[in-house]
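Which chain is which? They are A, B, C and D, in the order written, and residues in each are numbered from 1.
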């Protein structure tokens, strides 16, 4: 009886895992087969025409890159500061450190649509920017700060205690220790946290829906006030919801494939770093 | 006798309601090597870390009593602990080398804490490595990674790194316990050389080393569960060295010696043994 | 010394501060109804090539979205398939709404192919009210197939709903509170009705292809069904016609004036006709 | 010797503020203050609606913004049903997958399995929405044809799509809590002649169970917050409440969740009218409270095992 039970358990869990693997494979297969039909140099370098039925997705890609770059610039300083504050500046295991850690984990799970509405309150309501790329960039930046900060903090906590003591023993101030030991040795974790965050930011639609993205007519912004961008996720969102002419369907799949590739690149780049950190975390 | 650089009076340290050191008093002077000896776990390292306020970097420690540096209590509000640690250097049992070149390691503190020109930097590098007796072994590979040095060389590198800040006091926490005899001898020779211009506080549980290098020795014991100063004397003083070798507090914490100790303490035998074991394991 | 990561925020603030000084050519902002959008979008592309005007067209929020954007000063022109109402004027007292006709259009009541095949070809106001208020729920009672009625309502802010409610209840405000599955822009309405059995919704007549979706005739009080053809729009016999408006705050100037003048020019009329609408009366 | 003056006062000079530490603390405080400020602004702008319609929002299922009715019960029901159903569909598969990856899968293959799960997690929600429209909508319409659904867009379609979307989240955190059980315990169990299945059931699961519940709650939190994919395929029909709690009828009807309303057209036009805008913001607050509740509960449960930071 024991043998049969073992086989049954292995089979059920195995088939579930196989199912998940199959699902991932199927999604990739669908995206690649349907999307590659539209992919061509022209598709990536021309602007959209006839509401998505023809032309390329140049400005959508450019817009997404602008949003992601802005998000990185906005998020980096805050993620660094929050990570170092939680893991080192606040006494470890003290109440403030634990509370900050808890807040960061909550912020990580705030629905992105609430960020979109937060943008309406701040940028449209208070600052009266109308649709602006900067508003979108800031919101996406706010979204990825917790992810990067938590990864940085975990890495700092696993840094070798000896080096920190030795540096303090020399009379180095906390600022020196941050610059000379903590940052250099945890930069990899911060970078991979940022990359994971940026990968998610590139694919988000909800935060940019109200304050940053338009469907047509925008190219490279030349200011802040009333300067929206096109964005790949928003382009797909509008096309998916609205038009179904045969021509725009292939372009729609093409845009989807480009977005998934764009999103997977930073995530893939982060994998080698995360393995290194994972091993380091195990040995520390 | 010159007035003491370090004057510790009734120092009492507790960690989360557990007493570790009870009313320890001792003094250290320039031109002298003060030895602190005793079984492991009696609080020698904790005492050392209290002197340059490294203890407050870990949560849960409370320090009472006075530690005077040049007659000025180091816990006064206007004392900057970082500047204090520049005046009181520290060498750990396990040498800790930063993952960078030998030169950058030596100047790791000085380059950041002093405004040094290029030539001053080279001069300081030269003098520190010489004072740590490491110059000849590394002078032509200063820009190699320090991680490739032997343990003994790494410990001397740490010494050079501390000396680069020209501290008045050097605290050494069992600096040779991880080293081979040749490296140990090199360190001990450096301690005797440094004695001329600096004050050295050496924590060790190597009796011969204490006899060889210290001018004055303080023996900490864990009589009733926490570290106490049993006595302090000249190491080579006949009476003191005899007491040194046979007093139980000095003996290493092997069970046999514990039984001997508990019989002497009479009635509190059971409590004594438990307290000792817990004290030892805490170290 | 490792280049400190802390210098990046300084760089960011510098970059963001420098941007405003860069804004050069003023961009004409046009927001509003998806019904008017195809005409304005094509006109904008023409003016962009020929006159180098940078015109941005956005349809989020439909007619009301455009009017609110104009009222809040977030847009230069509002595209609307419904006229300005008293409520709009009250909400934005300081705005002098100046409406210009871009074309005429008929709002059709479209049904899916299976309903049309089933024999439903015309509908009158009472029957439509019964459907809207969920009193009639099966096409059988209208001489159609025995199938549930799937009414898709245009989402809030869309001009089509206002025109539909005005016709059904005299004034949109008098329409009863009732909930239906919502569809957004014209494209989504067309797709949903085409893909759903027993479906009916409101859509500009020019978007009806006559194969997957069909436009019902409206039976007037005299009992005569009137199809939404151009003749019936011009002679006013089809009740559900509406004007496509381009609305500005005060008389239009600069780029706004050029866009409106172009759309009201003969070349503009060609674009209007190309998209199935009628040039303004 | 380059000895500095050994005077007593040299180590007493006032110390200049540590610039780096100051910027770190200032930036951290600024970020939290910014969020706090927007939360206060949010509540302030929502307050007129809360005061006027607060009770009604939680008790009535009638949302007619044109008639100043702001009952949100139908949307709360929609969000709850879609997320719970998604979790019911996703959790068994996710737990089984996590168990397989952590207990059965040979070490060398584990990175590949994790890569597949992370690929599913990396796919943006708009792509899931697109896949939902292109495939799931028609499949659900055909599959449920006997029940004569209005169209392919319904609560059930949203639940199925959401199940796929939260699968990676639940699997990853469940696998973490399984890995948190020390390998030594597995060896000890095998040493006592327990086979792998018994080891899993007797040793690993009893310890990892709280963490896996935590993983499920995090998945639920993620599901509640999903907007774009749900918006595209839920049909967006307001005020659809079931007769009784377990009445399955609404599942095959179009519906509305908190997020599909928040991401929809009304938010665009609500800003003009304080009451309508306040009601929309209150929906946001309700969503925030629900999500925070489940996520913090999930994190607490996950933190019970050592591996989770």
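The rule is short, and it goes like this: a contact is a pair of C-beta atoms (placed from the backbone, for glycine too) under 8 Å apart; a residue touches a chain by one contact, two chains touch by 3 or more.
The model shown is predicted, which means the values in this text are computed figures rather than measured ones.
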Partner chains shared by chain B and chain D (touch criterion as defined above): A
Most widely separated chain from chain D, with each centre as the mean of CA atoms: B
Chain centre separation in whole Å, for chain D relative to chain C (CA means): 36
Centroid spacing, where centroids are CA-atom means, of chain A and chain B in whole angstrom: 49
Approximate Å spacing (C-alpha centroids) for the pair chain A, chain D: 16
Of all residues in chain C, the ones touching two or more other chains: 4, 6, 9, 60, 184
Chain D residues counted as touching two or more neighbouring chains: 15, 20, 23, 27, 268, 271
Multi-chain contact residues (two or more partners), chain B: 82-84, 86-87
Residues of chain B that touch chain A when the two form their complex: 52, 54, 57, 59, 82-87, 89-90, 92, 94, 96, 98-99, 108-109, 112-113, 158, 161-162, 165
Chain D-touching residues of chain A, taken from the complex the two chains share: 2, 5-6, 9-10, 12-17, 19-21, 23-25, 27-28, 30-31, 77-78, 80-82, 84-85, 89, 100-103, 105-107, 109-114, 116-118, 120-122, 124-126, 142, 145, 150, 153-154, 157, 173-176, 178-179, 199-200, 202-206, 209-210, 233, 236-237, 240-241, 252, 256, 259-260, 263-264, 267, 271, 275
Chain A to chain C touching residues, read off their complex: 49, 51, 73-74, 76-77, 80, 124, 128, 130-131, 134, 179-180, 183-184, 187, 190, 214-218, 221-228, 241-244
Chain D residues touching chain C - in the complex, by the definition given at the top: 20, 23, 27, 62-67, 69, 138, 148, 150-153, 235-240, 254, 264-266, 268-269, 271-273
Chain D-facing residues of chain C, complex: 4, 6, 9, 60-62, 64-65, 68, 71-72, 91, 148, 150, 155-158, 173, 175, 177, 179-182, 184, 192, 195-196, 199
